[in-house]
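Some structures to go through are shown next.
First chain A sits with chain B, and in the next complex the same chain sits with chain C.
This part shows the complex of A and B:
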């Protein structure tokens, strides 16, 4: 990474770390938490879908399992950190259990398989835990937003940092080769199954940790809620809009999505769903690389125009 | 160096190879020619470890390949260029080449190998940051071969390298293959372009309906009446 980029990242992180000191409105901080949550989710999905090419439509399952394990343990009085890690751990266990049969399916069948698994968990958890999970009175009395915000911030930094290191590693290179052409990758000595399974495990752990943080953050919700398919589809939409297979794409996508949704919900209410549906279709049809691709196209155009102008200038001179 | 003995192979119930035997000696350039559907690619799949034969023996430098996984076979020094090159279009030229050196043995010498590949094919260095999908047909095939060379193969296996190339590029491709062989890499070449393959190869096998029906030096086979009438018109 160029030094200037590193500096930019450091400045952004410091600014984000200082925000709770200056922001007094809880609603603003809640919005930031939501953005950070979706950056983690989108980056996690991107490792499996963007880097490795395995489109998951059931990412809510990992998010939900993370939240479930953490919530149950933490409310019972377990210390916070082990409770959080248990959430990520449960998601990984589930990923390993489903990964071995699921990767017998390819392409669209894998996507349908994950969708089915996600729905099964959603319904099952709804039946097993039909109640609302509310924080105990004692926890409510001492509830503070800032520690939640910092937890999400730390997780976001770790997730994005991990995705960056992965993308530039040998394992990451192998994952992308599997995405591009599984048979050709195998012929070069890339163990496709192992790379897909690794991507699923990384992805599940990070989404599970997002769920764990959600369980620590949210005051009261149905146990079933984090398993809802909307978590899968929102996440996927963000990655597509931002640019899959890149580091910055899921970040930009998550920020754009959450802010635009906030704006639309306030102004057009339920119609916001239509806006995102149309946006998603437009991106898939005309801009499969998302905002990242759009930015590169614009930059190339500018560079070309500038070099053309320079050429013209030199010929007239 | 490479030895196949009495290979029988099936796709489901369908027998594709009937007692295939062939040898490739160190330093040779051997061609395996024959019409579409004769079993050429199937033979290569057996060598690469992608298809387990029902009977027979595959040995490489004295080691039993049938007991090895695909990546172990790559590590032993057999590198395949699949039909059509099968480069990774959404990745850069450099990333494609790095993937060629994916197995640990090749990875150690990666930078050095990369320099020698760039020296042989300067166009790849020029385009190293470009997405492989933006290359022309000839450049893609060059990248596919460069990628295979990145694993520092002892044996380079090429499946239809002239496939889909313009006639002038086909000639260049065969020159490239001869040069690689002269630098000490043993080559097994599978081709439908029989005349060109027989001309560059030291020895050739003719395969038909899953059986080896002829063997000899290129010149011998070119004068074979059946080969002339069947493939050269």
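This part shows the complex of A and C:
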């Protein structure tokens, strides 16, 4: 089974790597970039929210900081790779600064507190950098989509791979113990604060890198834009739709979310957000554990039915 | 300088009463039902439009039409509750908060865009004959509309307080907050208490919306801003404390105004949020809230 899964992952990765060679239309590639971006965002949020159980509404802050650092450095003429890493680095620094006070808050207070933190950065960055950031003419002339796509692809593979390794590691299990019951975890010798802080740092770094890649990818945007609360809400939504605390959930959620929104934009125009909102509420109400849980329920049902039939068959024989 | 500062603070307090009112509905709903309705700001928006259209089409003064606005929003609240939120009532608390937050997020999208399509993105406001009028006490100016808004907020607060303290239904609501299982065993219909609280919260959002449309302006995307304000004030004041909520609102309003005066208008929101985070970290039960358990 594990070997088949590995093979499947390899095939998907190779297919994704070959896509820019086949696809001619930029719009398709842009859509893929968006999906990859949100897979990174959702998977990184999932480390903090899904594995460790700390629902953050301020994920946009890390994304924004990553994009801000990278954009400022890179446009100034810094080499690309250090600029990208600086983005992830700045997000980690911020995570370390806010980590200790933020984790004094529990449950819904943590959620509202992180929302406020994100909003503080959103407004402050808007005040400090009120202008649009556009790529210099030189960079525009040589702009190519394919390298951007590959950057996102590599980051996505690293993020998902890291999440997978983490979930099966001692630290990851500690995080899940903290999620299930903080006091019980502490009693068993799991340092809850350290695990939460680690989850925050991992989550922040990966989201920061997504922001860095965004700064490298996007031609022109307001510096404030990646800090907007909608990035946090969209990310959280994808994870919930897919199934939080799993590896595949955030991936499925991100793909579904981006494609559905794209489909609705093209087909119902100005009503797309209304339809989207309705569908979204339906998913929350009727598939509370997301697609992953729904899939498991269906599979269990099928397995049970099959075993029942087998039993019936054997008794009648 | 000092006179100007006092003037600014007075303005802040008058606005703060409105923040308190916006938070009152949210806090009432969250306190009783543990439904965290982040579409509360959208309800305020709808209340604002209800009041606006009553003024524009029927010519009703926004203060006189308040009961009607409340009624309209109560119906909206009832529909939303029966259609959506009632399905989350039986979930365990953490899950309920999470799920209602998500439903609220979906609602935000829906209501915002319906408003956008029906009424366009234009800023609207109610301008009455007395809108610009001001009276002066000790050289401090008091705009009539804002003072009236303050009075309405105060009346709502006192009525809610009396309702919860004196009436049988109010006592049932408080009993449910204390211990819903015990309340249910005493023969209180929990389902009805939840529904009533939600409807009441929506009606209060209606009042807040009407006041916003007459003191500021309304547009379809205003909801997020007001939800955030309401959340901050709710936590500042302490859950379940009506007086605390009001005090939290006034504190936030005054702080924002002082910031705008001393540092600059761009940072009024930032300082308000910082204040909120500090209170959250050092006094999580809120300024006037009782310590939990």
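Quick note on the criterion: the second predicted complex is superposed on the first by the 301 of 317 C-alpha atoms of A that agree within 3 Å, B and C clash if a C-alpha of one lies under 4 Å from a C-alpha of the other, contacts with A are read in each partner's own complex, and residues count from 1 in each chain.
Rule of thumb we're sticking to: contacts are C-beta pairs under 8 Å (C-beta built on N, C-alpha and C of every residue); 3 or more make two chains touch, one makes a residue touch a chain.
Computed from a predicted structure; not experimentally measured.
**Q** Scan A:177 for contacts with chain B and chain C and give back first, second, both or neither.
**A** Once the two structures are laid over each other on A, A:177 reaches chain B alone.
**Q** Applying the document's definition of touch, where does A:120 land relative to chain B and chain C: first, second, both, or neither?
**A** second
**Q** When the two structures are laid over each other on chain A, which of chain B and chain C touches more residues of chain A?
**A** After superposition, C is the partner touching more of chain A.
**Q** Using the superposition on chain A described above, determine whether A:189 touches chain B (first), chain C (second), both, or neither.
**A** First partner only.
**Q** Touching A:252, do we find chain B (first), chain C (second), both, or neither?
**A** neither
**Q** Going by the contact definition given at the top, which residues of chain A touch chain B in one complex and chain C in the other?
**A** none
**Q** Which residues, counting only chain C, touch chain A once they are in their complex?
**A** 36, 84, 87-88, 94-95, 97-99, 101-103, 105-110, 112-114, 116-117, 224, 228, 231-232, 235, 266-267, 269-270, 273-274, 276-277, 280-281, 284
**Q** Hey, which residues of chain B end up touching chain A in the complex?
**A** Residues 48, 50, 70-71, 74-75, 80, 82, 86-91, 95, 98-100, 102-103, 107, 147, 151.
**Q** Where on chain A does chain B make contact in their complex?
**A** Touching chain B: residues 170, 173-174, 176-177, 179-181, 183-191, 245 of chain A.
**Q** Any idea which chain A residues touch chain C in the complex?
**A** So the residues of chain A touching chain C come out as 55, 101, 104-105, 107-109, 111-113, 115-117, 119-120, 123-124, 127, 229, 233, 237, 240, 270-271, 273-274, 276-278, 280-281, 284-285, 288.
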